[in-house]
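In the two complexes that follow, chain A is the common piece, with chain B as its partner first and chain C second.
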Partner chain A sequence: MEYEFHWNIVLQKMPELLNGAFVTLHVSVLAMLLGVVIAVLLAIAKMNNSKPFCYVATVWVEIARNTPALFQIYMAYFGLGAFGIHLSPYVAVLSALVFINAGYLTETFRGGFQSIPSTQYSASKSLGMTSIQTYRYVILPQMLRRIYHPMTNQFVWSILMSSLGILVGMSELSGTTQRLQSLSFRTLEFFIVAAVMYFIITKLVLFGASLLSRRLFKGEI
Partner chain B sequence: MNSLFTPLSWDDTGYILTGVWNTITISVVAIVVGTLLGMIVGFARAESNKAVNVLFGSVLDILRSVPLIIQLILFSTFVGAIGHPMNPFLAGSIVLSLYTMAFMSEVFRGGFESVSKSMQTAARSLGMTYWQTVYHIRFPIGLRAVLPSWMGVALSVIKDSALVSVIGYMELLRTSEQLISRTQQPLEILIGVGIFYFIISYPLSHYGRYLERKMAI
Partner chain C sequence: MISVQNVHKSFGDLEVLKGVSLDVPNGEVVSVIGGSGSGKSTLLYCINAIETINSGKILVNDIDVHSKDTNKDKLRQKLGMVFQQFNAFPHMTVLENAALAPRIVKKMSKDEAMEIAKKELKHVGLGDKFDVYPTRMSGGQQQRLAIARALAMKPDFMLLDEVTSALDPELVGEVLETLRLLAEEGMTMICVTHEMGFARDVSDRVAYFHQGVIAEIGEAKQVINDPQNELTQKFLSKVR
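Right after this comes the complex of A and B.
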């Protein structure tokens, strides 16, 4: 192999890369939080029989699930320009990720909710529980158990997909890597480090999620 | 200044169709190759002992835990750096197929493991050889069970094929991006692109969900 590796330049730029990794985490956490909130609303809208809300929710979910993430990001970054809305790369990627997360999580939540048999409601009622108590002590704990794993996957997916920021010039981990490598021409070194960093981030998130699930569910998942 | 941007015209149809064709080609290649490799790896993992599995699993894990876009850039720079530059289609197909394989192998492994041990024992007691059991019992039953998940992975590969644009492959989103920079009409073009993906993905995803329901009962 004729290629010579030069790692010094990468080490020098490590603070910038770590900063990029922080932005990656930051944007995915935010995309997840907003996505969960919107997904809850959409899931309620989809399960209610009020027609207009149900339509909006269905259209949202189907578009989010059936078009590529890159398309959503281009839509937010270039497409909205037609309406005179010019988003910064950060906001464009964030809104695309929120849109997709909300779309996928809606189905997750709806599935989790419907997986709980209706007899449990009657049972709680017959025990004299109010409807808030029923949700708080009976329904939600079971639901959380069922949607926990898909939610973790969705979060990891957001982290990986935020790397598309590279294509609209966002300065998260891959965007930063792209900028640094174009200054130094050490493409291979920089992207290897970026790949390792993504790997570590995903593993840490998964590890954290499994620790949390052990605390939350006491091992019975 | 006016000559700098030219509006979208019917002459662009051929260009867009090239993008459509390229998207379809690379998706089909990745799905076919990824499925075949995934089937082999999935079967091997269902058969092998724990130590081999952990080793296998951690290699596949890397493919799943590093963003596809980084894998594409790394691979195409790497082959360039060692003196064998590849054209974007080949490099893209290889990376996308391996990426697909990583997901497919999990799907198939689950399918093969879902075939109960007692059924295999029964087949062996009827005098079938090991490979006859594999061919007549485990493959047909295991593969039927994975069809819905297989469709899910295949659909996500079609959508992920958009990322191959980053190494210069002229798939649909890249052609549209270039048309946008020429025509400055992002909305029309992007909506067209979105409709294309939607038309392919929507019926398949509903069919997948239908199959899933049918099998659950």
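Right after this comes the complex of A and C.
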């Protein structure tokens, strides 16, 4: 049997697909930004010796890194729903992605901090720099270089993971694709185009990140 | 003048300095020798307040280093320090490395800081390396950068912690030559070192550290060539 491709319907629905792609990008960017902020706090908490903070951070990181993203999205949507907290699909997916991003990035940040030799602190101190100056000019710039690529990877990962939004009826790229193919039965065409769109989005993100890194990091490390 | 007065320092149960006293007047170069773990590096860390002390007193230009009222960041501007590890800032060029502290600590203008940094880099023979990143340089060059970076703060004193110990043997000479130059210019220095030739030829006095105390101190040539203390004799016979 020969499959006949029909691309017209896909072209007609392009505005809706693009809108879905925009939602995908939107939710991933937001999940990344919030994830970074929380991860910084969790990393500080983990490196701190104050027990309760350290404990909360450890539990967060362990759950986020050792359970499937699918479960976390279900927990946010159906799980909280069982307790009468009804999140919209968008908010449920966003919370799950923030939760996971924060978990993974905490370890990235902690590793980044610990990879800077303590001698860099003594050298800065010996030049009369205050702690704040040491962090601002010596420690953070080096740390940022080391965590930049892991962070970029995490961003790409969360773009791709947001496709799980399909499971809770979110109208991001996958959800939109799913709805359109079921109305038109052009399953293969719609999913091929969606895959190409994911590919383009992540490639653009990676390209942008590498341009930015060249501007930010002139030195070698 | 640096004045160390009966200083005791412990890490937990381990007493590393057991009552050390040492006066270094301006313009003098003192080399500190001794086995590893004898407390010689710790003494330097205590002098510029990177480490605290348990008792005793350290005065730098008559300022009590470990007093609560002393601004330690400010004090360290007067005390240049170079470490065993090169400690260049790897994300900055050689010039930026040397200009950073004058600019942000002394609040100089960028031009002014660059000017001083260039001068000190030429001083240590790195005049052709301004725009190079330190990771591209040899250990000897990185160590000379560390010296220039400290000098750019116009310190009154230089504290040198085994600055040639991590170097390949063929690179030791260029660093020692730089230090000899500083000594000739009258810089006040305390050098913890394993280079006995350097200690003998460049320093005015040599102190031999043994288990947290100064076992012998005296005129450099005398201590190295003709040590009076039995422990010093033993140590020197082993390293030669």
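The rule we apply is simple: the second predicted complex is superposed on the first by the 218 of 221 C-alpha atoms of A that agree within 3 Å, B and C clash if a C-alpha of one lies under 4 Å from a C-alpha of the other, contacts with A are read in each partner's own complex, and residues count from 1 in each chain.
Rule of thumb we're sticking to: contacts are C-beta pairs under 8 Å (C-beta built on N, C-alpha and C of every residue); 3 or more make two chains touch, one makes a residue touch a chain.
Just so we're clear, the structure is a prediction, and the values are computed from it rather than from any experiment.
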item	value
Between chain B and chain C, more extensive residue contact with chain A	B
First, second, both or neither for A:Phe199, with chain B first and chain C second	first
Contacts of A:Met129 with chain B and chain C, given as first, second, both or neither	second
Chain B versus chain C as contact partner of A:Ser50, first or second or both or neither	neither
Chain B versus chain C as contact partner of A:Leu160, first or second or both or neither	first
Partner chain A, residues of chain C touching it in the complex	48, 50, 73-74, 76-77, 79-81, 83, 85, 87, 89-93, 100-101, 104-105, 133, 135-136, 146, 149-150, 153
Residue ranges of chain A touching chain B (in the complex, touch as defined)	1-3, 62-63, 65-71, 74-75, 78-79, 81-83, 156, 160-161, 163-164, 166-167, 174, 187-188, 191-192, 194-195, 198-199, 202-203
For the chain B and chain A complex, residues of the former touching the latter	62, 65-71, 73-74, 77-78, 81-83, 155, 159-160, 162-163, 165-166, 173, 176-177, 180, 185-187, 190-191, 193-194, 197-198, 201-202, 205
Contacting residues of chain A [partner chain C, same complex]	117, 119-120, 122-123, 125-130, 133, 137-138, 141-142, 145, 217, 219-221
